[in-house]
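To start, I am sharing the structure in question, which I have written as structure tokens.
Order of writing sets the labels: A, B, C and D. Residues in every chain begin at 1.
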Amino acid sequence: MSVQELEKIFLDKIDQEIKIEPKDWMPDAYRKTLVRQISQHAHSEIVGMLPEGNWIGRAPSLKRKAILLAKVQDEAGHGLYLYSATETLGTTREQTIVDLHSGKAKYSSIFNYPTLTWADIGAVGWLVDGAAILNQVMLCRTSYGPYARAMVRICKEESFHQRQGFDILVALSKGTQEQRDMCQDAINRWWWPSLMMFGPHDSESTNSEQSTKWKIKRMSNDELRQKFVDMIAEQVKVLNMTLPDPHLKWNEQTNHYDFGEINWAEFWNVVKGNGPCNKQRLDARRKAWDEGAWVREAATAYAAKRKARAEKQEEKQIA
Amino acid sequence: MSVQELEKIFLDKIDQEIKIEPKDWMPDAYRKTLVRQISQHAHSEIVGMLPEGNWIGRAPSLKRKAILLAKVQDEAGHGLYLYSATETLGTTREQTIVDLHSGKAKYSSIFNYPTLTWADIGAVGWLVDGAAILNQVMLCRTSYGPYARAMVRICKEESFHQRQGFDILVALSKGTQEQRDMCQDAINRWWWPSLMMFGPHDSESTNSEQSTKWKIKRMSNDELRQKFVDMIAEQVKVLNMTLPDPHLKWNEQTNHYDFGEINWAEFWNVVKGNGPCNKQRLDARRKAWDEGAWVREAATAYAAKRKARAEKQEEKQIA
Amino acid sequence: MTKDILYNYTMHLADNALILAQRNSEWCGHGPVLEQDIAITNISLDLIGQARSLYQYAAELINAPSPSIGGGRGEATEDSLAYLRDVRQYKNCLLVEQPNGDWAQTILRQFFFSTYQYLLYQQLQKSTDDTLAAIAEKSLKEVTYHVRWSSEWVVRLGDGTPESHGRLENALEELWMYTGELFAPATYEAEAVTAGFGVEVSALKAAWEQKVNEIFGEATLPDAAAGGREGIYMQTGGKEGVHSEQLGYILAELQYMQRAYPGAEW
Amino acid sequence: MTKDILYNYTMHLADNALILAQRNSEWCGHGPVLEQDIAITNISLDLIGQARSLYQYAAELINAPSPSIGGGRGEATEDSLAYLRDVRQYKNCLLVEQPNGDWAQTILRQFFFSTYQYLLYQQLQKSTDDTLAAIAEKSLKEVTYHVRWSSEWVVRLGDGTPESHGRLENALEELWMYTGELFAPATYEAEAVTAGFGVEVSALKAAWEQKVNEIFGEATLPDAAAGGREGIYMQTGGKEGVHSEQLGYILAELQYMQRAYPGAEW
């Protein structure tokens, strides 16, 4: 078959909402886009373990400690699913990780902000996971099969995480003045960065158009962001807290919340590597990887020895 | 002069209370005993920084933090004086330190006990420095000049330290029930080990006799220990605390306190290296030394470069 | 009186689980490979779960009308017990508070402890105290997995590369001296045996050594108590509250929030 | 209002001194050579002394009858201010809370900070606020020594061995991004200038760079802002209470006793 014919089959499937599977022919650019996006997503799960992991040792109750530990563990699991999905596209986990460590691959910029108080753990769960979920729900219907299926599993756990984050903030909002202040302060610091998670305005987004055609993406950055604002602006009332945006206001005409302009200079600055924790996050990941090298080597060496012994055993039994 | 004549001069000086100085002839065994004793004393100062240093970061007030920091710093200074004294006997500081790290040289076993609470910092100051001072006051009159002079400087600071330690306990003894319990608990744990600091009974002490003849030592282990018990048994009353010894009792006949038997099995066990912190203390010292190697090398290299440059400059000026 | 013993005994079991959980959780996000990051976190979670059940039981004991134990700060809860006691009140053994070190040290610590805990809980299932028996029974499945997982890693490191073998030997050097305490009964452990609900820990030693030596054999290591370690002095004290200097730092981090915001609900 | 500014300004100066003192004191007993163990401890002591004077002054301000500042926990003291505020209330710059790293990193942090503090205190001596002026004057002698000592070490490491030179470069990589904050005025610093008693930190930058480059020249390093560091983004936030994740751990240790035994006298 010619490339044109293959491409037609591919596009027909997309049209008919048939998932693309690893063995199917796909355009190079489709594969490349997916590898970039899925590995970025995987790295976000892994790097995202760090700001939350920062509070495991200091969680204020045993119950919260267990919940947080389980949550961060789930993120490691999500990372695994997603690395597996990139492997179906022909890129090894090791290569993917090397690209993260070299700075070639990106991860969500939100994780370059520090978690300074316990309330930040609540805010991260509520706002950051909340923003992530909207994106992920959309991706459950993405055109590439293994990615879509990974997302279905991830979404279930993530919505649980978001509720847990919100629950942390509910407890704070009902607590002492110090706790309420802590809660509002965390919302103030995490609100704008979480809006930035949806990426640049549609008009500025370079990858969006093609991704939409291929049904990798099924909603635009601005659509998702609006959905998020509408959701959070209601939930924040339950907490008796406010969002740090004087322009936030219900609009009767559009049936949506209006909101202020994002500081895009900050967004691009953090993407470029200048966030408060970019260096610390990458250093931590590199350190874990480098210091784990001898462990991985030992496991490989032992597996090889075992295999050799088993084969020898088999030979003996045959002979 | 013959060795006999030299030895006679040496012993005459000892007799007449004239200090032996570095350039004087002295018997090999005298030199060896001094090197062993002074370097052991130096190491005790340095290793002794560790259990107290353990509480600098957590000192309960800024004033106490500053006092403790200054105290531990003083100990480093004492270490310096004493390493200098061993150097007058022909042993370099580096060699002395290597012997510590190899386990060949000893240090006071008391520092192999952990400091578990803030009260321990008080108890160490009061009991451990208190015991040390009695020994040091005696050593101010020791026959080797540089050692005696180092001791004079050290004694002044040490008695200050002991008062500071006692002062910590006074504050605790006037405090809350928790503080008083903490105080009594620390006394309970440090009392017996501090009695052990004076070494074995005179009848068991192998090095004592010759040291006494040479006037390196001027009081026996048991004499010093009795002095210590008599002093502390009075001071503990000021604290409204007790010493953990049911046999402790004033003896009208002897005009001294009677006290119970020391657990010598524990003493020898810790000397042998089996105390709770022997490994941690030596590991910490070795780590500091090994990780500081590049710093010392850099300082040496820079000094050499500077010297070479200065010489070149001089040559130029002469030429 | 029996209640005091039961309280102390339960707290000892709880503190062991919590402190090891806290140590293991330091790996979360920093493991050598993702699957093992998940595994060590899982063990941490199991141990926190055990600790919670045990603290809850201890809190019940304290809160029930009886004058002798003395909670002090109002109603005891799992959190007041975990977060508001200082070093000298903690009853965990020295082994579990030792630093993570490298992966070999963490693995060996887990293997030593889980093997002990497995044998302990096996007996404790038969305790005359129903709550302890139930907690032991429930935990035993988890601990069975901890033993298997850590055994496999001991073998993998011991029979892996020369480097991993060497690191495992270093870990042994660090940790062996803390294993004796597991089998040296604290006062409350001896009393608990007399009272009928406790396990005689000294009786677990032979089985523990057998398991350790079996796994060490597979790991191409000499027997744990051989290879120059025959006469190594065993450190004790932790179970009676005389800890290493490590524990103070663990508690400073663990307890910060409850200490800084007294009485707050989270 | 002016008193609020004065309070915040004083607390910022105090927090800088305390946090750097706390960091440096971690070296005590672990220095690379005895004389330097003593030297770094000495600097730590000087800084604690400065912090105490400043906190005492801030406590006076708080305790004087005036409603606006709000101490909250009864009478403020140097200790209540140091030990009972959480991360978001601390106003130190990011530089001083960075980890000690190796000796090169500690030295470079000290050199950057002391050079800044020297220039700051020189101006602050002339403050219209007599107490701040007196503290600055008294501290200036100490800081002069800190600058000299750390400068000498920067030169020694830079012009020592290839290893020490490399380590100094790594330290520069770690720390340069935190130097900009020193010269970017926080709200209360700007207000303090307007109110007449504060120092305009942005005006210190040129002199600071000159000194740094002079010493870097001797140390055979390129200018601090050169060598690929020209466009490095400067991190800020610490002075307004938005810290790195480091500070929480520093405070957990620093404050443990006061938090665990509220109201006790030591």
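Note that contacts are C-beta pairs under 8 Å (C-beta built on N, C-alpha and C of every residue); 3 or more make two chains touch, one makes a residue touch a chain.
If you want to know which protein each chain is, UniProt gives these names: A, B = 1,2-phenylacetyl-CoA epoxidase subunit A; C, D = Phenylacetate-CoA oxygenase subunit PaaI.
Since we're looking at a predicted model, the values are computed, not measured.
Number of steps on the shortest path from chain A to chain D, with steps defined by chain touch: 1. In terms of the stated touch criterion, the partners common to chain A and chain B are C, D, listed by label.
With B-D and B-C as the two chain pairs, more C-beta contacts join B-D. Here the CA centre of chain C is 41 Å from the CA centre of chain D.
The centroid of the Cα atoms in chain A and the matching centroid in chain C are 35 Å apart.
Within chain D, residues 86, 248, 252-253, 256 each touch two or more of the remaining chains. Each of residues 58 in chain B touches at least two other chains.
The touch graph of these protein chains has some other shape, matching none of line, ring, star or complete. Here the touching chains pair up as A-C, A-D, B-C, B-D, C-D. Remark: chain B residues 46, 49-50, 53, 56-66, 69-70, 72-73, 76-77, 79-80, 83, 118, 168, 171-172, 174-176, 178-179, 284, 287-288, 291-299, 301-302, 305 touch chain D in the complex. Of all residues in chain D, those touching chain C in their complex are 86, 248-249, 251-253, 255-256, 259-260, 262. Across the complex, chain A meets chain D through its residues 51, 54, 58, 114-117, 182, 185, 189, 269, 272-274, 276-277, 279-280. Against chain B, in their complex, chain D makes its touches with residues 18, 22, 25-26, 28-38, 41-42, 44-45, 48-49, 51-52, 55, 78-79, 82-83, 102-103, 155-157, 159-161, 163-164, 167, 253-254, 256-258, 261, 263-266.
Taken together, the chain C residues at the contact with chain B in this complex read 86-88, 177, 233, 235, 237, 242-245, 247-248, 252.
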